[in-house]
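The first chain written gets the first letter, and so on, giving A, B, C and D; residue counts start at 1 in each chain.
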Amino acid sequence: MAAPAYDIVIRNALVATSTACFEGDVGVSGERIAAIGHGLAQGAREIDATGKVLTPGGIDAHAHIAQLSGGGLLNADTWESATVSAACGGTTSVVAFAAQHQGMDLAQVVADYSALAAEGSVIDYAFHLIVADPTEKTLKEHLPALIDAGHASIKAFMTYDKVRLRDEQLLDLMAVAREKGAMVCVHAENHGMIAWMAKRLVERGYVDPKYHSIAHPRVSETEAFERIVRMSALLDQPVTIFHVSTKEGAAIIRRARGEGLKIFAETCPQYLFFTKEILDRPGIEGAKWMFSPPAREPKDQEALWRALELGDFQTVSSDHAPYAFDETGKLMAGPNPDFRQIANGVPGLQFRMPLLFDAMVSKGRFGLSKFVAVTASGPARLYNLPNKGDIAPGLDADLVLWDPKRQVTLEDALVRDKTRYTPYAGMTVTGWPETVIRRGDVIVEGEALRAAPGSGRFMRRKAGSCAEPTGRLEAELDPARNFGATLL
Amino acid sequence: MAAPAYDIVIRNALVATSTACFEGDVGVSGERIAAIGHGLAQGAREIDATGKVLTPGGIDAHAHIAQLSGGGLLNADTWESATVSAACGGTTSVVAFAAQHQGMDLAQVVADYSALAAEGSVIDYAFHLIVADPTEKTLKEHLPALIDAGHASIKAFMTYDKVRLRDEQLLDLMAVAREKGAMVCVHAENHGMIAWMAKRLVERGYVDPKYHSIAHPRVSETEAFERIVRMSALLDQPVTIFHVSTKEGAAIIRRARGEGLKIFAETCPQYLFFTKEILDRPGIEGAKWMFSPPAREPKDQEALWRALELGDFQTVSSDHAPYAFDETGKLMAGPNPDFRQIANGVPGLQFRMPLLFDAMVSKGRFGLSKFVAVTASGPARLYNLPNKGDIAPGLDADLVLWDPKRQVTLEDALVRDKTRYTPYAGMTVTGWPETVIRRGDVIVEGEALRAAPGSGRFMRRKAGSCAEPTGRLEAELDPARNFGATLL
Amino acid sequence: MAAPAYDIVIRNALVATSTACFEGDVGVSGERIAAIGHGLAQGAREIDATGKVLTPGGIDAHAHIAQLSGGGLLNADTWESATVSAACGGTTSVVAFAAQHQGMDLAQVVADYSALAAEGSVIDYAFHLIVADPTEKTLKEHLPALIDAGHASIKAFMTYDKVRLRDEQLLDLMAVAREKGAMVCVHAENHGMIAWMAKRLVERGYVDPKYHSIAHPRVSETEAFERIVRMSALLDQPVTIFHVSTKEGAAIIRRARGEGLKIFAETCPQYLFFTKEILDRPGIEGAKWMFSPPAREPKDQEALWRALELGDFQTVSSDHAPYAFDETGKLMAGPNPDFRQIANGVPGLQFRMPLLFDAMVSKGRFGLSKFVAVTASGPARLYNLPNKGDIAPGLDADLVLWDPKRQVTLEDALVRDKTRYTPYAGMTVTGWPETVIRRGDVIVEGEALRAAPGSGRFMRRKAGSCAEPTGRLEAELDPARNFGATLL
Amino acid sequence: MAAPAYDIVIRNALVATSTACFEGDVGVSGERIAAIGHGLAQGAREIDATGKVLTPGGIDAHAHIAQLSGGGLLNADTWESATVSAACGGTTSVVAFAAQHQGMDLAQVVADYSALAAEGSVIDYAFHLIVADPTEKTLKEHLPALIDAGHASIKAFMTYDKVRLRDEQLLDLMAVAREKGAMVCVHAENHGMIAWMAKRLVERGYVDPKYHSIAHPRVSETEAFERIVRMSALLDQPVTIFHVSTKEGAAIIRRARGEGLKIFAETCPQYLFFTKEILDRPGIEGAKWMFSPPAREPKDQEALWRALELGDFQTVSSDHAPYAFDETGKLMAGPNPDFRQIANGVPGLQFRMPLLFDAMVSKGRFGLSKFVAVTASGPARLYNLPNKGDIAPGLDADLVLWDPKRQVTLEDALVRDKTRYTPYAGMTVTGWPETVIRRGDVIVEGEALRAAPGSGRFMRRKAGSCAEPTGRLEAELDPARNFGATLL
């Protein structure tokens, strides 16, 4: 008898790529997709996918894992716990952070994070480099070398006391990114407005979690967006704006892209599924839904969905920030802290994919290809992961087989990360990832996890022009811009 | 020896789908694509595609072929000549027109055009139904039946004396389209402005072809766009705006889509490659480049490319309108007519694909996937051709194998349609379609055409919601709109 | 004893000009204002204005009076009744219409209206010339001669079956206006949308007055605004858009003015004080509030006030259209007609000034100077009435003395025009015109009217560039526009 | 013989108020205008103004005079030299600065500046309070007391190393202004962009004055405008944006005003009359035209004129900053400093009025009333000077009599301030101020100056709502804004 033609054949699935859906088979050889078609030859392993949906494995391009900062808050997760939770939800790649704080040596930071990830991760991983201390050494030595070593994206904060950069520093960082061809990602909120509002609120006794929302007025987002858009224009440098929360913010991004600027954007499930009322609970309970920027209004949710539909945003990431709802996490500051002392962020690696499958596919908002686009192919292009994010011959065999009929009510007991809670508890989703394949290995089968810690692999990303350029420099937009760019 | 696994295997091509490019093989069985992969099994016929690029066959969704109108101008082409020219340029499907004029019976019109196409076409075809006489019978009987019979799109003119519809008529037509789920396409220019300008120009002796451009002021396009966008909003009816020519027009479309309106758009090579100066030649020569709207300015070309880049436009069509440059076509009105009497339109089926391959791929403007998107997958989605426009298992095996290095200078001698001239004469393109496959048949090989007249097939298109909805009705945009839609 | 220095001195008033308010005296000699100051010398007549406010007499630049049309609807008013009602409300000048219908000789129309006004008017008057039949004779002979004779503004309709102009006709008319330096005023609504909506509504049994509002969707206003703005751009011709009703419409005007286009605008009290709910009454009662465009939403009211505040609109006129609520007017079509057969329009000459005084001054929205600007100086500049509209030496002594404390509840019994009803019945205003002076004659004193029919005078208006140009031709906006303008 | 009725009568002038022009007489009694009219009674002094134009005295609301800062640059002017130059150009009121630097006691600063002005000024004066060190004492004690004492406007810098405020500080300052009803004026440029550009330029050897322009990219202005507009929105606080230089900046202001925000704006002659090429001269010569932001492009000049026309800007001020072109001023840093070390600013008090008279009136751009609006009545309203800025009974008799035919070529020899140069040298203007009256005193007659140092008077300005409110808080714009405002 002939040797099997493929290691695995997933047969008779509804195969969803970022542009097409068809019934057929997918053959996997080694770590790669070998063929797609009808009536493919035999596989060493055959998976009957009749009635199932096959999508690319999810890519979550925004996650805080195993934060190493000496002082301040600690995340609950290890690389193992975080990536196990991701894998169980159908995510096979993650772009996490290597986070420099002030005074830290960036090269050492990356080495430390890399060691932890290499040891613990069950899915493939990469890092955005957070630069909080842009010294001469960081900018001229470490950063170029790290970009050359495959770290093709940088993150900067425009708010948060200890990590935010001043405008000059941000420009310095963007100049290095431009020279090396790296993407710059930003947390864009106006620090002054937030600090001023929060101080006034607390002085007047408004300390509950719900005031977190008031402390982040809508204009604090739009102001920072307008600022970073102009910095991008000045240097002709691609920028991804993280976690867009407002309608006006989405409009700024749409306008900038229409002008040919290299602006990209992400939103997160928490902005699509929550509104600001979620914070308004008795006592400290609301802390579970504290993240920055905060959830907004129904009109904003509609605007964010539309921005995804129109392609103004390229990805939906989790912004996974795992703080347990106890004294090790959200309640670290004591039982009744004011809202400023509560850690910002929610866990999200695990349920991003099912939540979006339910909203986009099962509820019929967009269809499967758009689901693939925002969870996998979009982030793959945005962050230079050419082997990831779609179903095509030669790509990594990162695949998720979904039962599109299965209904699951999310609850804390299902949580696999170390926060042990989910902000989405109580929501029922239709569609569930049953089998997850990472580079040809079946790592999740039903409830069982079959991946060893450390089996995930570092994704070396080549810098260079971003994969989906929005535009060229438009000289008429700003004559001085050309000159600005020549200063780089 | 085992039977071949496929009828054809195209091996070792650079395969370009609308989202991915990879080196590999494509297997064809019968009329369909059967598999895509690496090391596919043997085909009855093997095509070595090393160093070649394989794309989907082109879909040209805007072509005037074999115009039947009793009086007035006649096109030069037969269905055979037009579709042979298309096939030689890598286009395997065409959406042409069945054109009602006033007093004509729409059902008979469609029957007549269908008979000609069935007899002569060498590629697959469908029709947009031009409605110029929206009588009760047309609207209530013929049109619904024709849409049910697979004609899922309608075209209306907002200008041209004998065919244009008044606003009420246009709304009547859109109301039928909405009820049946058909797309409405429009030639959107303000008739009054053009007629007024032309009359004044001719009265003053400005009769040369170059005044055609002056007679179509930019605002005549933008005015009509604003009008049709609001009609679309009023009825919640999808509309495709044909042949966008101006930067301001593109901006109106972008704005409308951002508001969630169901507006789609096309541009044509003549707007991407020409500016208005092209008309300014001695004597009547400029008539070769007379089309409506006219070519504009360099800033408009930039805006049109950007609109394609951003997805504001979904397709580039030829608007093929074959008038020979002699007394049977452009010069019918006599040797020195005023510009109003010269037939509007240029031939374009043949060179649309090579021109765009050169500009988008060879010259590096966008890359292969975007080329596929605007020439094939875009129009397939926009006009409900689910079996066409991409490379995926199960789709029709409409394929083009390109020599990406071959340079060809376009000239009249190459022209296969009956106009015997091309407005692009003198331009040199890099990249040439060498082999063209239509539903599994190799119909072009080098210079040889191997398809019989009548071998093209009618593409029955299911009406229903357009394949790429831009948005839902946004109640806050216009409260009365909901009510308007309920009147349908 | 010395002769009195002035014929009248109004002493110790709070004098309000369009830019300043001060306590002082105003001296009148003959028909003119002779001096403004403190402690002016003696007048033959002294009016003690302590505690009173003195403003310029109102100019109402939009009123239908004594409509002469053979068939169709008839207004209730004579020139005497209409202008008496105006005078009693503090209005001393009116720009009414000389309305050509199809087949009418424009010169004769103007002669007829002029004769009636000369005989009956108690206030000064002028005409906008309504052109509904732009024949060669009308355009080339009558219109230029009439403009030369002091009729410096023309009105055109974009809707209404028997009077509306097609786009070409409108351009022809605007071309004459431009050559002669006349203003063009338009009723800008999309006829097709309205006709289509109304027909569908009535077919489905929606015949009550409230469906009048649904039949005029918001986009029917904005569409027509976008169209006329582009025609204005094409010909570089000043245009005043009448009775703006929507927020989006106001935004179009603001945008156009920002681009340097010569667009001016008016709104009316019915849009500032009513919303669409006003139409929703049992039976035919709602007919009292039927006017076109209809009243809109609270958000629109806010936008209209802001447009006045920002100077985007230059005037508030009444659009006085006097149809009695009986079988001679609103109910002419029978007791239960569908809404299409009910005459459109409301009486408004009498209460425009007190309503605006109350809203703008007594309720503190803007202050006295803005009240003067929108009721008097604004229309004076817009329509070339250089002797009218403000309080300055040499201007006509058209003055109103207000009791700013007096409260009056508007009711039908107060009505002086022949409709015998007011749509504002039940509203209480603070501030009332007690004494009205027209060219130095006291024509209203308390309840008494002292002006003879025919004592009003025709205001010959010089054509020429509009008094408050918004901008110059901006070449970059539209290169073809220059050419378009040269065709004039 | 009877006593004269007035102290002065200016007879038979073309009197220009901010809204009207008429031939007539103006009577002055004491410090005030007593009457305006025809044939006024006799004055003790009669001035024959036949053929002359009479306007209000100019108000220059932006001037740096007698800067007291210990370190750093020194202005050339004393209060006497500066105000003499102003008076000779037809300016009778000035709003200068009392400039706190870091570490200075604001109350003392104001006392010091007040003493100098009281001693030297020949025209009336007020102060904007520059706050560079917003300590608790400054904000809670000094500032409220100073506002109560008649200093109703505050200025803040968003750029310049030693004086700029961080966003939180700016909000603190605006909160005090809002509580007290004071206007906040800002120099709005993005500090980080400018510092970054300048540093890079100088590092690469680009040190000449012309690089000053490159160092201030257009986006550095628009970024800061977007930021301050949102701060204004957050706190519902009126803000005047100083010296607008770009088309995009003007568009931001127009947009904000259209949204109902309380944004006001100024531009200066240097932006209306110069473009960036002015800096490009051999050696250090260009330093004479170095000011911030720099001069821009012709398209910007057009946009600034249009913003004045449309009322988006309320005033044209000089931004008088008197640095002599020698080692005491512009060249203080040495013969070949890099552009960062050259003092920014140009002298302008003297020629602002003639330059604008020539451009607006003699060259026919707008007419006299608009000239009065932007030079006198506009700043009077904006900064709460109710007795100033127009010609009306009761207002201060600040008057300028112009010879509208006189042509003067500006040159350094005419300069009366201590810089001894004018950037406008070589320009010829038509229209010259011949007689200047300040509160009833003739202080300039031809070449003769008749005012004693110290005869100018402090203008105590009442805080309170700004005189020309653009809008009310629009709740839908930003729900959180209301909350923000309640924190004040």
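Just so we're on the same page, contacts are C-beta pairs under 8 Å (C-beta built on N, C-alpha and C of every residue); 3 or more make two chains touch, one makes a residue touch a chain.
On a predicted model such as this, the values are computed, not experimentally measured, just so you know.
Fewest steps needed to get from chain A to chain C, stepping only to touching chains, is 2. When every chain is reduced to the mean of its CA atoms, the largest separation from chain D belongs to B. Chain C and chain D have Cα centroids separated by 39 Å.
Our note on geometry: chain A versus chain D, Cα centroid distance of 50 Å, whole angstroms. Every pair of chains that touch is listed here: A-B, A-D, B-C, C-D. Every residue of chain B that touches chain A in the complex is listed here, in rising order: 5, 15, 17-20, 22-24, 27, 29, 33-41, 251, 254, 257-258, 260, 299, 302, 306, 309-311, 377, 390, 392-395, 469-471, 474, 476.
Residues 166-172, 190-193, 195-197, 200-201, 204, 213-214, 217-219, 222-223, 226-227, 230-231, 233-234, 297, 478-481, 483-484, 487 of chain D are the ones touching chain A in the complex.
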